[in-house]
Amino acid sequence: MKYGDGCWVDIEQSDKNKVVVVPLGSMEQHGHHSPLLTDTYLVTAVAERVERELREETYFLPTLWLGASDHHLDLPGTTSVPNHVYTLVIKNIVRSISRAGFQRIFFLNGHGGNVIPGTQAITELANESDEYNDRWMALASYWSVASPVMAAENHGMQTQQLTHACEYETSMMLWLHGEIMRMDRVTSSPPLLDSPFFHSEQGGRINVAKRMSTWTPTGAMGGPQHATAEKGESLLNAITGEVVSFLKDFSTW
Amino acid sequence: MKYGDGCWVDIEQSDKNKVVVVPLGSMEQHGHHSPLLTDTYLVTAVAERVERELREETYFLPTLWLGASDHHLDLPGTTSVPNHVYTLVIKNIVRSISRAGFQRIFFLNGHGGNVIPGTQAITELANESDEYNDRWMALASYWSVASPVMAAENHGMQTQQLTHACEYETSMMLWLHGEIMRMDRVTSSPPLLDSPFFHSEQGGRINVAKRMSTWTPTGAMGGPQHATAEKGESLLNAITGEVVSFLKDFSTW
Amino acid sequence: MKYGDGCWVDIEQSDKNKVVVVPLGSMEQHGHHSPLLTDTYLVTAVAERVERELREETYFLPTLWLGASDHHLDLPGTTSVPNHVYTLVIKNIVRSISRAGFQRIFFLNGHGGNVIPGTQAITELANESDEYNDRWMALASYWSVASPVMAAENHGMQTQQLTHACEYETSMMLWLHGEIMRMDRVTSSPPLLDSPFFHSEQGGRINVAKRMSTWTPTGAMGGPQHATAEKGESLLNAITGEVVSFLKDFSTW
Amino acid sequence: MKYGDGCWVDIEQSDKNKVVVVPLGSMEQHGHHSPLLTDTYLVTAVAERVERELREETYFLPTLWLGASDHHLDLPGTTSVPNHVYTLVIKNIVRSISRAGFQRIFFLNGHGGNVIPGTQAITELANESDEYNDRWMALASYWSVASPVMAAENHGMQTQQLTHACEYETSMMLWLHGEIMRMDRVTSSPPLLDSPFFHSEQGGRINVAKRMSTWTPTGAMGGPQHATAEKGESLLNAITGEVVSFLKDFSTW
Amino acid sequence: MKYGDGCWVDIEQSDKNKVVVVPLGSMEQHGHHSPLLTDTYLVTAVAERVERELREETYFLPTLWLGASDHHLDLPGTTSVPNHVYTLVIKNIVRSISRAGFQRIFFLNGHGGNVIPGTQAITELANESDEYNDRWMALASYWSVASPVMAAENHGMQTQQLTHACEYETSMMLWLHGEIMRMDRVTSSPPLLDSPFFHSEQGGRINVAKRMSTWTPTGAMGGPQHATAEKGESLLNAITGEVVSFLKDFSTW
Amino acid sequence: MKYGDGCWVDIEQSDKNKVVVVPLGSMEQHGHHSPLLTDTYLVTAVAERVERELREETYFLPTLWLGASDHHLDLPGTTSVPNHVYTLVIKNIVRSISRAGFQRIFFLNGHGGNVIPGTQAITELANESDEYNDRWMALASYWSVASPVMAAENHGMQTQQLTHACEYETSMMLWLHGEIMRMDRVTSSPPLLDSPFFHSEQGGRINVAKRMSTWTPTGAMGGPQHATAEKGESLLNAITGEVVSFLKDFSTW
């Protein structure tokens, strides 16, 4: 159910054990070929599909399109708040929902840069007030929730994983919003660093802080030129299924 | 044009004298009959109509649905950040757009509680950095931009002005999203205070700080029971025209 | 009564329904002819006259001469705190007075730049703590309280309204502190912008953020050369009367 | 010279080697017999006397009556900001004066609680920006500047030193503002702690944090019942002389 | 080399391409049997061993024993700062080292709770200032760096992974500081939650925020009763080797 | 007793009247001859000696080597947090210890720059929460606690007092860690300012804010060339005795 389409008396009378889901997007550069709102479009598409399957058991807020993308600011169009402001934003969203009485809040994330400041937010809330001792606050990116079903071979992918403006994101965008994609100018940058400990596209065992413009001058990674709408549909279906499974599980914690 | 549907190279090559418009909404209680996202729906409707008329001269960001509504938090469903966090959010949106090189930024506001912290934001930026000396940063609620064309008699209104969950907002919502309105349970609270200096619905010469629950236990003000879709259509047309006029004027400052 | 001239045991035993008034000034450039403390002198003069008429019903704190004038900092002598610091200052003054048990607090403001951060302060307090649900916290500039009696024609003014270092402020300063006025070097700058939506001296329907030095290189606005002490006396009397009326009204809310 | 009585063009043309003095007061409980503004009255009296002797060599701002007195908040009437807000206030006053070009800034303090947060302020500024490398920023309480001439025996005092609402402060208040002193209800509390390392009235080698209400339920310390106007005059003369000497010395650093 | 044992002239003349390593510990409850400083002792032991092998190529700061352990505060002895303060601490350590000119900084972490706020810190620095574009800032827990060599079967472990006050940590403590271990009262709590998406000991695909006291009333997890000094020695050797390998690799990035 | 070597159940059962001591150090330049960790080594040495004499009556935390040394940052190697961050750190250490139930907390300080922000911390805590009304929170540098026994003549010193990287500190370092001292390159800078009101090495009646690099280009003060290990031993014994006396006294407040 859409949280924002109810009136306050509806919220007051609702079952407080329903999971409240907050989709988190961003507005940031996604290479020469994919729009600024790519992450917002993708997580919203996942959210809408999940909401249709779990209408009675969940509440969905609208996607927050403003994310923590300061590492993309060197390329124009990126519209972002710094991590510590994002942390404050997420804390206050949780406080608002918790004050309404809900017990289970899940942030369905669609932008990698939101993970650290978003987790900082729910961690601080849990520590600051006894109010959250009987709440479940969780946050995960859709590709993390769905990791077991995202293997490249399942979807005919030529690259190994979702990164940024890559084969995976581009495929889903082609399926969802092909009319605004500019595949005529698709490009991407090769990995800057490949070490057994950290890879500039696939991460690794070490957390490294670098601006995106130092990793990728084009703003894109992975192999977006291999993207197709069909791969995107396949991926989106798999992700939706796995997020639905998670929310059913989460509602029993 | 939709800012978020472009790629970063489109933004880089765009005319930096175009006005960038950021619609500001909120998610907060709007009485027993109107949804939490009322302000977001209304300002988005204005924004979409204006964008259609000024597609070549403007950029529109998506509406920020998260606003400064802490004065509504006593009624559940309200999802909000405190004023000082909202100030930080608005400052960083401006910084992002300014960093992309744009000279004219307008916040088209749809929620009264955003005006003080939003103006605090642009004021602080202007004072903090010389970068903004040649920028135009402005913020106004649509009812303020359009005030000369919102007179009650122009639209058949029985109440004198737009307040909260009132005849004006309800009429526009009926025209736009009648299917989610609950006119079967419409109600509102009478004004708490009527003084020559300050009126609890119409404001006045004095700034007064009170939570909404102390002004209106039902969460609604004005005469929402008098609302009709026709009045809403009339109002929306008038507002759109006046905002268009303003943006044309603003682009010449 | 002067709040600061009592001892703590006097405050403890006082009637907590008395209005506590805090006059807010500033120290900032006021053109070539009027001193830095102009706003502080003016609001203090209003406060003293009002206090004499309402000695038994009110408490007056000393004027806070430090205001939010960062938009004037380009011209030297301006001594100011940024908006967010001013917000913190006002919040803590309210907390102190509220902790002493008083129910009604009014900030009598004499500097335009204090309005946004001052209102941000009382709004945040109302939202943060239930303690303020039964308090009345209000803030207004004296020219706003007194707007109905400030019409140009009532006082022989050649300009339409009070702005900054203008005919109005200068007239009152000539009446009060003529000995430090430098009318021999009076000057002012013409309006930078005149639009149906916003005028650089008279404001309008839009909130615009600009430093004063971009509006007025001389630091003065309006027609200070038309100022006379007689106009100032007339204005001051009118303002005093209206503020007295307001405080009597406020004490009944 | 009074800084605030000049216009910005006067400040612009002034000799930037003149010392700018900012007197710091407070508004806080001072026992049953001395007014809330005691510290503000006293430091202002010192400032005015010094200004008269050094008119050509110095600029004096008006006394900031709002201080860091949260340790007195348990007794009503105390109006204060917490230490960290006071630090921000002092930092911004220095920035304003430094931006006008002045090289020497002295905070003449009249309230013990301001010393820590005020010193925190100037220390942080010195560390944060190279701008302050060629500035002299200093802060001291008048009793510290004047310590060599404040010995009890010089002024006929029966107690050993200035503390709070004590023989020293009360004597000076009697000389300056006897009409608002309530010697009919003078009282004070005995020292709570007397150790070779720390004495609750005279301090010592250890910094201890306690609220004043835990040290003195009456709000007064020392022997205020021994105060006389004559002692106060003697003290004030001595202090004035020593502050004059310091400012002459400071202007040569 | 020990950074803190040099003088400033040594630092000034040193090779700025050497990796500067900052070991991060904590002081928090570790069950009934392991001391508050467990994480500090462990990461210090790793650091000392690594430093001995890489003396010429690295600088090691002393371990920061104060960590972000607020989620442990319900059990006494835990001494901690909240996440946002820890973020500020880490940012300023990096700024200090970067200001000395070093290009490569690695935080060798020994406490899980430090990862989020520590990564928030280096991310914000990278985004805030161009100064860090040519720096390498990285952070990782030793068990993450060493993950390939920590498999249970390599060290005779009966439990699958390092958690908190567990078989792994306890074994290393027995090897290093057996004399302060209280194996006579060893105990631990069973996992609270076991889901395909998240396990209360082993984490999973979802970030969940809960205080430790809600996961484990005893404060310990895993199987500490199976710990032996031999397993600890084996583990410590493996970890040391892998961290050495990483630092050699890192120095070539 | 070492606080950090206990388990949480030990802390829970301990006598909460024992004094908890937190030694505060720093890592900052100490001239050409003494290591960055000089203050940390010295205060740790005092702490260890005191702990041995008062093992049953006290708890000692490990020394916090990270201090407020931003005034030394111009010379490399200095690793520091700004004052306001240090204040937050100290506040949270106190909160942690107070939450465990302890009544008496003493910060044994070894770095002058920590005094202002550390005192700001305990002052704010006392003012913010009633929890601290029955706590004793104190902070002092070891040379302040021990001032009566530090007279130059008692230890054969040629200079009058402890300053920075001086005869006193160098002597103690020679006694404790002679192997890392570089007396072959000892040097120091002469006092920059000598006034009856303030001396750049010995302070005085005025608080002055300057970076160390403006006082001393070499980073050292006083007469370090006169230092000997024997003087250091004598000093350390005297200091230890006096701190022991203080803690015995403090435990009776």
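Here the chain labels run A, B, C, D, E and F in written order, and each chain numbers its own residues starting at 1.
We take it that contacts are C-beta pairs under 8 Å (C-beta built on N, C-alpha and C of every residue); 3 or more make two chains touch, one makes a residue touch a chain.
Bear in mind that the values here come from a model prediction, so they are computed numbers and not experimental data.
Asker: Centroid of chain D to centroid of chain E, CA atoms only: how many Å?
Answerer: Averaging C-alpha atoms per chain gives centres 48 Å apart.
Asker: I'd like the Å distance between the centres of chain B and chain C, where a centre is the mean of that chain's Cα atoms.
Answerer: Chain B and chain C have C-alpha centres separated by 28 Å.
Asker: Name the residues of chain F that each touch 2 or more other chains.
Answerer: 73, 82
Asker: Based on which chains touch which, is the overall arrangement a line, ring, star, complete graph, or other?
Answerer: Chain contacts: single closed ring, each chain with exactly two partners.
Asker: By the touch definition, the chains form a closed loop. What is the full order round it when you set off from chain B toward chain C?
Answerer: In ring order, starting at chain B and going to chain C first, we get B, C, D, F, E, A.
Asker: Per the contact definition, I'd like the list of chain B residues that touch chain A in the complex.
Answerer: 3-12, 27, 29-37, 40, 61-62, 64-66, 73, 75-82, 85, 88-89, 92-93, 96-97, 99-101, 180, 182, 185, 219
Asker: Could you pull out which chain A residues touch chain E in their complex?
Answerer: 70-71, 73, 82-84, 87, 113, 115-120, 122-128, 132-133, 136-140, 144-145, 147, 193, 195-198, 205-211, 214, 245-246, 249-250, 253
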